[in-house]
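First comes the structure, then the notes that go with it.
Each chain gets a letter, A, B, C, D, E and F, in the order it is written, and its residues are counted from 1.
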Amino acid sequence: MMRFATKKRPLILFIIAICLIAAANGAVGLAEDSAAPLAQESAAAAGGSDVPTAAEVQKNLDFVWTMVAAFLVFFMQAGFAMVESGFTRAKNAVNIMMKNLMDFSVGSIAFLLLGFGLMFGTSPTGWFGTDGFLLSDFAKDADKWLYAFWMFQVVFAATAATIVSGAMAERTKFSAYLIYSAVITALIYPVFGSWAWGSLHHGNGWLEKLGFIDFAGSTVVHSVGGWAALWGAVMLGPRMGRYEKDGKVMAIPGHNIPMAALGVFILWFGWFGFNPGSTTAGNADIARIAVNTNLAAAAGAIASLIASWGIFRKPDGAMALNGVLAGLVAITSPCATVTPMASVYIGAIAGVVVVLSVLFFDRIRIDDPVGAISVHGVCGALGTLLAAVFHEEGFTMARLGVQALGVASAFAWVSVTAGFLFFLIKKTVGLRVSEEEEMDGLDYHEHGNTAYPNFQLIEKR
Amino acid sequence: MMRFATKKRPLILFIIAICLIAAANGAVGLAEDSAAPLAQESAAAAGGSDVPTAAEVQKNLDFVWTMVAAFLVFFMQAGFAMVESGFTRAKNAVNIMMKNLMDFSVGSIAFLLLGFGLMFGTSPTGWFGTDGFLLSDFAKDADKWLYAFWMFQVVFAATAATIVSGAMAERTKFSAYLIYSAVITALIYPVFGSWAWGSLHHGNGWLEKLGFIDFAGSTVVHSVGGWAALWGAVMLGPRMGRYEKDGKVMAIPGHNIPMAALGVFILWFGWFGFNPGSTTAGNADIARIAVNTNLAAAAGAIASLIASWGIFRKPDGAMALNGVLAGLVAITSPCATVTPMASVYIGAIAGVVVVLSVLFFDRIRIDDPVGAISVHGVCGALGTLLAAVFHEEGFTMARLGVQALGVASAFAWVSVTAGFLFFLIKKTVGLRVSEEEEMDGLDYHEHGNTAYPNFQLIEKR
Amino acid sequence: MMRFATKKRPLILFIIAICLIAAANGAVGLAEDSAAPLAQESAAAAGGSDVPTAAEVQKNLDFVWTMVAAFLVFFMQAGFAMVESGFTRAKNAVNIMMKNLMDFSVGSIAFLLLGFGLMFGTSPTGWFGTDGFLLSDFAKDADKWLYAFWMFQVVFAATAATIVSGAMAERTKFSAYLIYSAVITALIYPVFGSWAWGSLHHGNGWLEKLGFIDFAGSTVVHSVGGWAALWGAVMLGPRMGRYEKDGKVMAIPGHNIPMAALGVFILWFGWFGFNPGSTTAGNADIARIAVNTNLAAAAGAIASLIASWGIFRKPDGAMALNGVLAGLVAITSPCATVTPMASVYIGAIAGVVVVLSVLFFDRIRIDDPVGAISVHGVCGALGTLLAAVFHEEGFTMARLGVQALGVASAFAWVSVTAGFLFFLIKKTVGLRVSEEEEMDGLDYHEHGNTAYPNFQLIEKR
Amino acid sequence: MKKIEAIIKPFRLEEVKNALQEIGVSGMTVTEVKGFGRQKGHTEIYRGAEYVVEFVPKLKMEVTVAADTVPVVVETILTSARTGKIGDGKIFVYDVDEVVRIRTGERGREAL
Amino acid sequence: MKKIEAIIKPFRLEEVKNALQEIGVSGMTVTEVKGFGRQKGHTEIYRGAEYVVEFVPKLKMEVTVAADTVPVVVETILTSARTGKIGDGKIFVYDVDEVVRIRTGERGREAL
Amino acid sequence: MKKIEAIIKPFRLEEVKNALQEIGVSGMTVTEVKGFGRQKGHTEIYRGAEYVVEFVPKLKMEVTVAADTVPVVVETILTSARTGKIGDGKIFVYDVDEVVRIRTGERGREAL
């Protein structure tokens, strides 16, 4: 305790600092919203004291629906944490929990400071937004919808970042992780997002103008995350002992499959906010989107189970879990513009593709502990293309072209920026932990913790 | 890897096949819904560009509420998976996760192909539906509500199937499981459902015409699942070492009680979608239904804790968990037609009954690892009867008679069909794994996986 | 089994008893709500058969939103259970699950019988409510909103009780726990609640009259729970081996950090019901409240990570988890009356304070296994004060004074009542288990169960 | 005094323990171990990659008995642990210099 | 050289370890084991069915020391591990032919 | 016959096992143990309080072999387990009176 004591004074100063900055900011606070009615009142209001119009009530319904959907998408963070940690080793479980907790926390602040503005601010060029940082648009428009929209967008932004952590698990420095997840949420994701979704608010991206369809983000969120994961995994290199000299691929089984399965259930649950919620309007369209989302996930699970059964002669549990996610990622783009039957096909195709993709990346020796590259990168691109193939208004070459352009531009943008980012980190703070740290596990060396102190673990590598 | 290579060609063909079928189906897709407005637009719409009427907004609210409730019910799948796996042994954990994942996936497709039509299609006879397969009603009615209703019903259908897996855990062949869970969702559950709920859509069942009350499915969902579980457990026989020759009952403790407890919390949470959601309308009635649901669950927990305390001299954790579920199952039928006080009594009675029922089935040597028969079968029937006993409009012998008839017909229908189904499977693919597989655990033999590779397990039986 | 047989007769009597009481109550049931329309009908109604007004639809929306929020808050119980059990030892995991399950169950009944009336009944004095027990207000007002309001309030009441269990974990008698959690939900929490929130229904508290701001309960729920936890921990004394004679503080690491992290994610998720839901109205205000809640949590995580990094030279996982909760608790009171920027500051301050507070209570040798006192007590008070400091209408000394008065009165009321309660229990049934029971673990001695029978545990203390 | 150490298949524990009790063995100590020998491990699949689990779960059972009772104890273990399949395990016998019961300090035969 | 093997109650580990350090024991190896003996296991209840947990958790502590120090080591363990209750455990002493330190290849006394 | 008991660093298991196979060792038994010795444990932090993990995870490997092969086996373990860092572990050699294969009842050399 004693050796701690000395270090507490700076903290007091830290708090005071926060207060001072805050004070300076106090004005902003005033300007921003000078009379938020206390909810009690507004509850009364809603109770009928003043008479709302149907349009107002619909607007309120849009708020409620969009918030509920945002909460469900937030909960996906728990799902990602469970899947990633379940698919990796016990000695890194604390580190993985911290990464999933911190990427969302750091991401929320980064999106507040920079991301949202870059993605949805007025975009003269069509290449990135230029205003609306720090939620400043409220002062301009005085429209409370801004908060609902921001809340829904921040949980999406954090998803892109968290995808990366899975592919880089068990060997990445915690500090490096914090840096790149901040950059992804502040720059890489929002800039691309502005191309495809900017017009949902004040922007107008060049890609959406061409008619690019990415309803809930197979490309904008998942491929972007997946391709960043790809370059991260490449730069890091595989985990020790994953690939032997003689070319043999050594499995490194995850430490808790039921935990991973719980994660997949949570993600499936959250996806009902991710896709139907992307209407950001409480209306009749949400139902078919939910049906499509569910059918694609189910078909994905079945298809990958069959595929793994065929290839490995056993219905591999972990592959079926990936199959669910593959179906969900693939339907994310087309979910509002295809029929339920088409959703079944899309999910089924993704379910098979993800199995082949996982095997492929293993063969080219890119080590992705959770399959993030295959699930989010590959199936995200796949779904974006299938959105054209299965479009309910029929297939057109033109539409496919635009979709392909979107897919390609996402890959290009992320490869350049993320590639450069990881390179920079590698040359500065360093990207990968030492061999000893990797062997002992990141929990001890990075956090000084142990995930399961009461359990006798099997000590091997 | 090499020996896999050869087996990948068929998969490519498989994908192409999917695409071809899909193409053939493309037309359907077109016909089905030729202009789903992109959500962005409709969001704008909701924003006020055109003025909605109050009735339209209410309809939208019904969509939102029904979808949210459906998502909560979906999440119950995670709860069932946690409870079942927590109450069984570590060596079968992967298998149980896979079963819970696949029964929902297979069930979703089976309900799309057959189940929904049989349950809610026009029913000339009153005994089963005859149209509306593959969501074809949309072409007819062009009413988007179909999707909302289908989504809500599919999560119910999957619940019935998943109940069965608990009672048959730790000794059932995975392939056999896939078959019977498909049949239950495609035939056994929907046909009975059409008797009691058909008129919610295009059908009109003979049972509901008599005034049978089963608001959210104590009988339709839970008893049906429970009785199927009963016959499954009977056909399978007990797990090795569960009952000794000398008549002694040997406990086989579940491997992770906190996991089971988490499952119960998730189920309780999901039940707030199951019961209040069954209004499929966002109105003032949902509140009392939620209150009733909560009070019955609480009373069930307390009653079973007291009961186990009295019988075993210790407040048995696992029993209290069953008590919560017993209360929830029992209130599912009467939740909309009894007072909160009555709900307390119903929950309390169910809480005691489930304890006695678990002991009873152990005595007659029917091995039910998670207590599914007692919780869903017995308490489902109990709740359906208590719906008459505690009806807020007062008790009438007539009403009790109808309820009893419903309970009996459920038991009869399921006993015949499920009994026959399991018999058939037993004679063909086989229902039970070999002694060796059961001893080593299903995870290794069925899936070639291990649930907890980093943990030192206690190897005994 | 045989020795059980004898003990089952009383249970049959028990059930009959329940039925008789119920019968006696049957009339009540009738009176209470003599014609709850079956939901099917009302669904039809909502479908448009009669035309609702916009005001009616808004009211329905308020029902839907308030119920959804209540369900999310309920789910927090699972979060508390995971955090508490993850932060404690494997040998007490069943006991902790049971406590978290039973405090909600017992609490629900206690709040029905007593709590709600004391908190929201007509309060002539302004010090406690005097009617509305057993949901009797419905007979008076015939307003179904009562049920929605009650449902939302009961999940809050249970939260206060469950907070206590964390600080008293691993050494409290199960029977003692049941008693005090009932008393807290029936008396201690509701009486204070009536001072600050009574006017939300029929009451009018002296504190709210003075303009006390506690939007969602930093003080009413969290501080009350936290201060009760403080006195509980003081009366119990530390766990064996926690503090050595020579003054050294011995860590007793929690047995499952990923489980604790999952719990924190669930709590964060549930808090979106806790804060935005406290509008109990589906309107535009919920969005900014959600944004504020999220930003405070994120800032709390970052700040406590930095703080622990600074003090311990390592980013301590468990501390970051506490930081999230600290931010959430602190923003609970001001969430509707501060700007998003202010929420960042509030969360950041709480994140640092919680770290210092945990160290402080360790230094004065008050053993709080999960940090409940620091998170809920200290940060609850902190947030209530910061609500004045960062109020969007600007800081006024008067407002700070009222807030301080509220904080102080909460501390005073709880110290007196909870102190007395624990003293009484200690002198009667006893508060703490024997040394032997503590050493072997409460699971075996209190429940005769084991949480992880298939895992080789590390047996030490 | 002699220590008899038997490596057995986990699921035989009950049988062996009961058999030993019947011949009056007062106590024993059991450890979870992993074995490597003629009985080969098995191959598992994880996300497309195979891996061999070479070590087989076994139990090590240690019983210290008076020298003269060794033959009967060994015989008992042989019959109760045997399944006839590869991997049934081994019995090792070691010499023990001294035994002390911690509770009483008794030594030798009395300590067992 | 001799190996002293003590079966003790898990919660005595700290005391015994410290006591041995004080008399200059340089190293030891500890294993989680299950014991069976006079101290009977206990009965648990699970969903209405009882089951007996016959094996009691114990720790096995192995210390190899020079022959001449055996008496003092045994004495130290006796006093530090004893609670006086049934189940305190046993101490077994075995002869050790040879000891080698892997790092250095040193043998005998030097290796300890 | 002799029993060779080696306490090694967990991550050396593969190497040692393979090395032993190459010189024809037919079987072995491995146990998860905790070691205490020159290699000190480490300090962890948990919610602001530090605690020392004094015991280091090790593996105990037991191989029973014919007496004449002891030197080569020991040599093999020494070279394959050595990292040169403190904590590499120890090798202990004990005398074995008798070995029996449970499956066949074979004794002595045949039983190995």
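As a convention for this text, a contact is a pair of C-beta atoms (placed from the backbone, for glycine too) under 8 Å apart; a residue touches a chain by one contact, two chains touch by 3 or more.
This is a predicted model, so every value here is computed, not measured.
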Query - Any chain that touches subunit D and subunit B - result: A, E
Report summary line: Chains in contact with subunit B and also with subunit E, listed by label, are C, D
Report task. Pick out whichever of the two, A-D or A-F, is joined by more C-beta pairs in contact. Result -> A-D
Report summary line: Per the C-alpha means, the centres of subunit C and subunit E lie apart by a whole-Å value of 46
Query - CA centroid of subunit D to CA centroid of subunit F, Å - result: 18
Report summary line: For the pair subunit C and subunit D, the C-alpha centroid-to-centroid distance in angstrom is 51
Query raised in the report: Which subunit C residues touch at least two other chains?
Result: 1, 4, 53-54, 57, 59, 61, 64, 68, 145, 249, 253-254, 256, 311-312, 314, 316, 318, 355, 359, 362, 448-450, 452, 455-458
Query - Multi-partner residues of subunit F (at least 2 other chains) - result: 31-32, 44-46, 48, 58, 94-95
Query - Every chain pair meeting the contact rule - result: A-B, A-C, A-D, A-F, B-C, B-D, B-E, C-E, C-F, D-E, D-F, E-F
Report summary line: Seen from subunit F, its contact residues with subunit E in the complex are 2, 6-8, 31-38, 54-55, 58, 60, 74, 77-78, 81-95
Requested in this report: Would you tell me which residues of subunit F are touching subunit D in their complex?
Outcome: 3, 17, 26-32, 64, 94-103, 105, 111
**Report entry** For the subunit E and subunit B complex, residues of the former touching the latter
**Finding:** 44-51
Report summary line: subunit A contacts subunit C in the complex at 1, 4, 7-8, 10-11, 14-15, 18-19, 21-22, 25-26, 28-30, 32-40, 42-43, 45-48, 51-54, 56-57, 59-61, 63-64, 66-68, 70-71, 74-75, 77-78, 81-82, 85, 93-98, 100-102, 104-109, 112, 134-135, 144-145, 147-148, 150-151, 154, 174, 256, 259, 443, 446-456
Query raised in the report: If you look only at subunit C, which of its residues touch subunit A in the complex?
Result: 53-55, 57-59, 61-62, 64-65, 68, 72, 89-91, 145, 200, 215, 249, 253-258, 261-262, 264-266, 268-269, 272-273, 276, 278-291, 294-295, 297-299, 301-302, 305-307, 310-312, 314-318, 320-321, 324, 336-342, 344-345, 348-349, 352-353, 355-356, 359, 362-363, 389-390, 392-395, 452, 455-458
